[in-house]
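Quick one: the structure is below, and I'll ask about it shortly.
To keep things simple, chains are lettered A, B and C as they appear, and every chain counts its residues starting from 1.
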Amino acid sequence: MSAIEAKLKELGIVLPTPAASVANYVGYVVTGNLVFVSGQLPLEDGKIAVSGHLGKNVTIEDGYRAARISAINLLAQLKAATGGDLSRIKQVVRLTGFISSAPDFTDQSKIINGASDLMVDVLGDAGRHARISISVAALPMGAAVEVEGVFEIK
Amino acid sequence: MSAIEAKLKELGIVLPTPAASVANYVGYVVTGNLVFVSGQLPLEDGKIAVSGHLGKNVTIEDGYRAARISAINLLAQLKAATGGDLSRIKQVVRLTGFISSAPDFTDQSKIINGASDLMVDVLGDAGRHARISISVAALPMGAAVEVEGVFEIK
Amino acid sequence: MSAIEAKLKELGIVLPTPAASVANYVGYVVTGNLVFVSGQLPLEDGKIAVSGHLGKNVTIEDGYRAARISAINLLAQLKAATGGDLSRIKQVVRLTGFISSAPDFTDQSKIINGASDLMVDVLGDAGRHARISISVAALPMGAAVEVEGVFEIK
């Protein structure tokens, strides 16, 4: 078992099988050493785990959890992109966290920390990344959070 | 005539001449094998074809059409980036679809399919891409949709 | 003094020291010849210089200034990424400008010109970039603008 798989087990995280795409896009594209992963929603067992708008009907804690679940789904895509070998992840390059929120919400960073913390919890220093956090009007399926990522693999 | 140009003709699509930039940015930048294209609006003959907000005063059908027109404008930029030879497109790497919408709109995927379908209609498997779909508060010139893209060329 | 440092001096711009990250993300990540820089807010001396929503309680002039300050903060990150040598910037590849605004705001381009103009003022042709401009619901710390960038270095 690789160190990363051991860490996932220690954290009690089981990576889901990426959902099959139902449209003309895919979960990820590899170009050179970079992997561009599609925006991931906080899906658990095919259902949105946290829906709604921060600053309105979603707590900071639930927003953080939504970002963490989205990040787990990013790792699930990366596992597919690396042929099942997550130790091929050299660096998380950039994450963008999109938060469905009311116009007066200002705690975007606390929410997206859920994704950032997950990456460093699992990957250590290779999990540190450039980051963008913004509040958007709404997200697919009413999700509270969506996270996309660019990764370098070896 | 290349297979891609033939496909465009078959679909009745005429790529417009990219609008000259009127500010300190450009339509695209090539770096290595990647092309980063500026966000494209649903412009036809210099006018926004679909304006307004999804979930308020724009139908799903018109939103889909707006995404399709934006994608045609991405291809027009790529034609310039490849010196007129679209067969140099190796892969559509990532599209981001921004949708101007009300906070209760949840059909983002149906809208951005307009861009995804266009890419696969024209480019086949090379048109399949990672994707991000989000609703934003508003877009330049009141447009209903904006689509940006990263592409790999050869 | 490099030409770029001389230009900064001529423009009266002093690049701040990038703020130390207080979470599990970093100011920038270098991958190959690309630098992905985290979203930068209009921070001056650790405070948000322009907060609020365009089209509601922020003028076009202040929005433009917010984008310019954000771009200065991007350059400050790049200075760190290049070991202090800004002449290693080969090209500004892509900027995304996020504007906190009301749903009826349509002058996104005028705001993000503040970032685009700064890049070309300082870097000349190397400062011309692909660009995305969108209005979002809200931004961290109530900022009016956030700008992220991808850069090619040599």
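Throughout what follows, contacts are C-beta pairs under 8 Å (C-beta built on N, C-alpha and C of every residue); 3 or more make two chains touch, one makes a residue touch a chain.
Being a predicted model, the structure only gives us computed values, none of them experimental.
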item	value
Angle (degrees, nearest 5) of the CA superposition of chain A onto chain C	120
Same-site or different-site touching of chain B by its copy chain C, using the half cut	different
Separation of mean Cα positions, chain C and chain B [Å, integer]	25
Overlap residues in chain A, where contacts from two or more other chains coincide	32, 96, 100, 103, 136-137
Complex contacts: residues of chain A adjacent to chain C	32-34, 55, 91-96, 100-109, 113, 116-117, 119-120, 127-137, 150, 152
Complex contacts: residues of chain A adjacent to chain B	23-29, 31-32, 36-39, 53, 96, 98, 100, 103, 136-142, 146, 148
